[in-house]
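These are the structures in question, set out in turn.
Next come two complexes built around chain A: one with chain B, the other with chain C.
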Partner chain A sequence: MAMVILRRLGMAIPTLLGVSLLIWLLLSILPGDPLVGLLPQDATPQDRVDLEIAMGLDRPLPVRYVAWMGDVLRGDFGYSPFRRRDVSELIATAWKNTAVLAAVSAGFGLSIGLLAGTVAGVYRGRWIDRVVTSFSIVGLSVPSFWIAILLLIVFSAELKILPAGGRADFSDGLFNYAKYLVMPVFAGSLITIAITARVARASIVETYQAEFVELLRAKGLREWQVLLHVGKNAISPVLTTRSPLGIWQWCRPPRCSSP
Partner chain B sequence: MAVHVPQRSTTTNVPPALAPGEPLLKVRGLTTRFPTKSGWLTAVNQVSFDLAPGRVLGVLGESGSGKSAMLRTILGLQPPTAQIEGEVILNGRDLVAMSPAERSAIRGSWVSMVFQDPMTALDPVFSVEQQLVETIRRHSDLSKKDAVDRAMELLTLVQIPSPERRLKAYPFELSGGMRQRVVIALALVSNPTLLLADEPTTALDVTVQARVLDLFRDLKERLGMAVIFVTHDLAVAAEIADEIAVMYAGRIVEQGTVPDIVRSTAHPYTRGLLEANVRPGQLTRPEAIPGAPPNLAKLPPGCSFAPRCSVAEDRCWESLPDLVTLTNTHSARCVRVARG
Partner chain C sequence: MTTLNPAASSIAARWREADAPAAPESYLQAARRRFMKHRVGQVAFGVLALLVLSAIFAPILTTYDPIVGTPADRLKGIGSAGHFLGTDEQGRDMLTRLLYGGRLSLIAGIVPVLIATVIGTALGSFSGYVKGWVAALIMRAMDMLYAFPTVLLAIAVSASLGPGLTNVIIAMTVVYIAPLARVAESATRRVVVAEYIEAARLTGAGTPKILLTQVLANIFSPIFVYASGLVGLSIVIAASLSFLGLGVKPPAPEWGFMLNSLRGTIYVNPWVAALPGFFIFLTSISFNMLADAIRDSLDVRG
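Then we have the complex of A and B:
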C-alpha cells in the first residue's frame, strides 16, 4: 500500500515539472516587457541594461529556468518587484483561503456530481436523466465568472443575503464562515459537478449492461442491492478520471486481468 | 470428507408442496416478443412443455433459436419492453402473473440459473464470500456468521478445493472452471426445485467441461432438483438429459426422450443436427444444414424450417404444422410425420 502511494506521488513529479516549464515558457513568449513597469519614465537605455543584468534577464532561457527551479527547490520562490514582497510571503497569506475554497469546491462538486450522475444513470432515458444531462451541458458551457456575477447580482446586490466578498474566521462561527464560501464554492464547482455527473452517468449506464448484473437479478437481489454492486463497479473509473493522483486506487479491491 | 447436503429448512421462501404426479413446471403457450425497428421479433413462440420433479430437460438448438430467451422468460429476466404471453406454472404458481417483487423473491430460491460465461458472470469487485453471503441472506434468516458457514458448505458441495481460501478470493483469482463452480454454488443457495442452465459448459475447456458436467449430474442426483439444460451440443444433451426438446426459430419442433430423439428422429431439422455431429471414428465430413435460421421478425407463414429443408413439399409453405404426437413421449412439428 505504501509503495502504491509513493509510486503515485512519484508520478506527480514529471507532471509538475512539465507544468512549471510550460507556464514558465508561456510567460517568456508572451508579448510585454517586465522591465517597462519597473523603470522610471526618464530611464536611459543604460539603466535598462543595468536592470536587466541585475535581474538576470540577460541570461539565456534554459539557464534562467534551471536557476529559478533550483531556487524553488531550495524553498526560495523569489521576490516580486511589483508587489515589493517575497513571493513565498504572498503565497503564505493566500494559500489557506485558496486551499479551503478548493477543497470545499472539490468535495461539493464531486458529491453533487456523483449523486446527480447516479440518479441519471439509474433512471436512464427518463425525464430525470434528461434534466441532469441538460443541466450538465449548461454547467459545462457557462463560464463560471459569469455565474459568479449573476450570483452577486441576485444574492448580494438584490436580496442582500450573502456577502459580496471578504472572508470570516473560524472564530466567527461555522455559519458565518460558510456564508462567505457559498457563492464562490457554487460558482467554482459548477464545472466539477457537470463533468462528474456526465462521467458517473456514463459509467453507471455502462455497468448496468455488464453480464454480472443479470446474475445479481437471477440471484433474486432487490434492485437497490443491484445498484450497490453497479455503483461500486462504476465508481472506480469516475474517481480515477476525477482525481489526478487516483486516490481511489488505494481503496478499491485489486483487479487485474484473468490469471 | 463427508459432504453436507444443504437443508431446505434454512430457506424462508419454501415453495408449496406438489400433488403426487403433478409436474413441477408447466409451460403453456409461452411467447416472448421484443420490439425492434422492423416490428415485433418473436424470440419464443408458443412453447409448451411439462417437466417432472428431478428430471432433466435438454433444450437443443442453434444460436438464435430462442433457447436462452426461453430460460430468461421463465426466470423473469426479460426487459420490461418485452411482451410476454402464456403461463409458466412452477410449484403450482403462475410466474408470469406474479408481481415483480414476488418474482424477485422466487429467483434464486425456487428457481435459479447458471450462466454461460463464468468469466463475466461474477461481480469483479466483490469477493466470493460477499457474493454468496448476500444471496444466502436474501433467501434466509441466517445470521452473518451462519451464512458464512453455509457459503463454505456450498463451496464444498460444488467440489472447490480448499474452500476456506477460495471464500476470500476475488473472481479474477480463480480459473474459469472454478468460477463456474462458484456460479453453480450461487444457484444452489436455497436448494432450488428447478435449475436453469444456459450452456454452462460452452465457455469452458473440454476437460473442464467434462468435470462440470459430472458435477451437474452429481448435484442433480444429490439434491433432486429438475434441470433445464440448454445447449447447442447434441452429445452434451444426450449425456445429461432425460428428455430433449429441439428448438428452431423460437418454437419446439421435436420433443421426446433421448432415445426418441436420437434413434427415432422424426423432424428433418433434428436429423440435420444429428448429421452435423461428428461421431467417434467417423471419417467423412459432417453434413452441415444449408442456409441460416430465419429472421424472427419476419417469419414465413408455413413451417419455419421449410426454406432449409431438403424434403420440403408445397404444403410445408402454406401453414404452420401442428405438434404431432407420435408416442406418449415423442412429438414433432412436421407434416411428414402426420402422414405416418
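Then we have the complex of A and C:
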C-alpha cells in the first residue's frame, strides 16, 4: 500500500511539471501585454525596452521558464508589481481561508454523499433511491454560483440569519466561526455530494451482485452484517477512482456518466 | 454471381430465414424504440426544444429591446403589468433578456462540445488505431491537459484570450478535447482487436478507410454518450465564465452575466435576480437527463 501511494506521488511530479509549463506557456504566449499598466502613458519605445530588460522579459522563453522554476523551487514566487507585494505573501494571506473552506466542503460533501449513495444502493428501486438519484442529477446540473445567490436571498436577505460575507476568527467562538462557513460550504459541496452519491450507489449496487453476498446470506448473516461486507468492498472504487477532494471534483468533468 | 448448386443455395436461404424470423431490428431502430419508452428523456427533449425555439424566435415572441431599457421602469417585480418577469437594474424587460440570453448561453455551451468531439475523436481514434510514438505523444499531451481542473483551465485560457463569445468557445473546446480524446482512444482500442477489422485489413483497405468505415461506426456510441453528458456541464461552465466577467461582452444578454449584474439587487428584487440562474439550471438538467436517456437507449455501459 505504501509503495502504491509512493508510486502515485512519484507519477504526480512529471504531471505537475507539465502543468506548470502549460500554465506558464499560456500566460507567456497568448496575446496580452504584461507591461501594459506598468508603463506610463507617455512612455517611449526605449522605456519599454529598458523595462523589459529590467524584468528579464528580453530573455528567450526556455531561459525564463527555467529561471522561474528555479526560483519557485527555492520558495521565491516572485514579486507582483500591480499589488506591490511578494506573490508568496499574497498566497499566504489567502491560503488559510481557502484551505479551511476546501477541507470542510470536501469532508461534508464526501460524508453526506457516501451516506446518501449507500442508502440508495441498499434500498435500490425504492422511493428513497429515487429521491437520492433525482437529487444527485439536480446536484450535477445546478450552477453552484446560482445556489450561492439563492442561499444569500433566503438566509441573508429575507430571513437575515446568516452573514452575506466576511469571516470570523476562531477566537470569536466556534458558533460564530461556523456561521460564516455554512453557506459557502453548502454551495461548494453540492456537486461533491451529487457525484459521490452517484458513484457510491453504483458501486454498492454492483457489489451486491457479487457471489460472496449470496454466501454470506447462506451462512445466515443478518442483512446489516452483509451490508458491512458489501460496504467494505464497495468503498475503494469510490475513494480511488474519484480523487475525492471537493474542489478537485468540481473542476473535472465526470469520467463517465454511469448511474 | 453464378449459382453452382441450386440445392445448396436454397438451404442457405432457409438458414437465413431461420436466423431471422422477422426482419431483425437494427441497432439504431432498437435505440429509437427504447428512447420512445423513456419518458424522462422525452420530457427533457421537449424542454430543450422549447428553450432552443424560444431563443431562435425571441424577436417574434417579445417586442422589447434586449439592450436598451427604460430607466423609469427599473427593478419591477415578477408579474408587473407589461413585464411578466419583471425588469432588471437598467429597466430592461427580463423575459426579453432571458429569451435573447438563451442564444449566447446555448451556443457557448453546445458548440465547444461539438468541436471538441470532432477533434477529440480524430486524435483519439488515430492514436488508438495507429499506436507508435506519434500516438503516444498525442495521448501523453492529452493526459497532461486532462490533469488540469476543467474550470481552472477554461478560466486561464479565456483570461489570456480576453472576453468574447469566440474566445469562450475556443477556451472550452481546448478543455474538452482531452477527455474526449481519451474516451475515443479507449473505445478504439477495444474495437481494433475485433475480427472485422482484421477482415477489412485483409481486403486491402488502408488505414484512413478502416478508420472511417469500420472504427468510427463502432466507437460512435460511447463517444456520443460521453459528449452528450458533457453538454450539461458545459452550459454551467460557460455561464460561470461570463459570471466571472470572462464571457460575452456586455451589454449582450447572457444568463451567467445577467446573474452577475443582478447580484447587487438581491436585497431589492430577489426573485428576479435569481431568474437567469434558473434558466441555466433548467438547460443543464435537461441536457443531463437527455444524456442519461441517450445512454440507456444506445445501451452503452460506461
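Criterion: the second predicted complex is superposed on the first by the 232 of 259 C-alpha atoms of A that agree within 3 Å, B and C clash if a C-alpha of one lies under 4 Å from a C-alpha of the other, contacts with A are read in each partner's own complex, and residues count from 1 in each chain.
Criterion: contacts are C-beta pairs under 8 Å (C-beta built on N, C-alpha and C of every residue); 3 or more make two chains touch, one makes a residue touch a chain.
Everything numeric here is computed off the predicted structure, so don't read it as measured data.
J.: Please indicate which partner A:Q209 is in contact with in the superposed arrangement: first for chain B, second for chain C, both, or neither.
T.: So A:Q209 meets neither chain B nor chain C here.
J.: Now for A:V142: first (chain B), second (chain C), both, or neither, which partner does it touch?
T.: second
J.: A:L221 contacts which: chain B (first), chain C (second), both, neither?
T.: first
J.: If you tally the residues of chain A touched by each partner, is the higher count for chain B or for chain C?
T.: With both complexes superposed on chain A, more residues of chain A are touched by C.
J.: Quick check on the superposed pair: does A:H229 touch chain B, chain C, both, or neither? Answer first, second, both or neither.
T.: first
J.: Could you tell me which stretches of chain A are touched by chain B in one complex and by chain C in the other?
T.: Touching chain B and chain C on chain A: residues 252-259.
J.: Considering the complex alone, what residue numbers of chain A touch chain C?
T.: 15, 18-19, 22-23, 26-27, 30-32, 137-138, 140-143, 145-146, 149-150, 152-153, 157-158, 247-248, 250-259
J.: Okay, in this complex, where on chain C does chain A touch?
T.: Touch residues, chain C against chain A: 143-145, 147-152, 156-157, 160-162, 176, 179, 225-226, 229-230, 232-233, 236, 239-240, 243, 256, 259, 263, 266-267, 270-271, 273-274, 277-278, 280-281, 284-285, 287-289, 291-292, 295, 301-302.
J.: Can you list the residues on chain A that touch chain B in the complex?
T.: Per the touch definition, chain A meets chain B at residues 210-212, 214-222, 225, 229, 232-233, 236, 252-259.
J.: Write out the stretch or stretches of chain B touching chain A in their complex.
T.: Residues 75, 77, 104-109, 112-113, 115, 117, 119-127, 134-135, 138-139, 170, 172-173, 175-176, 183, 186-187, 189 of chain B touch chain A in their complex.
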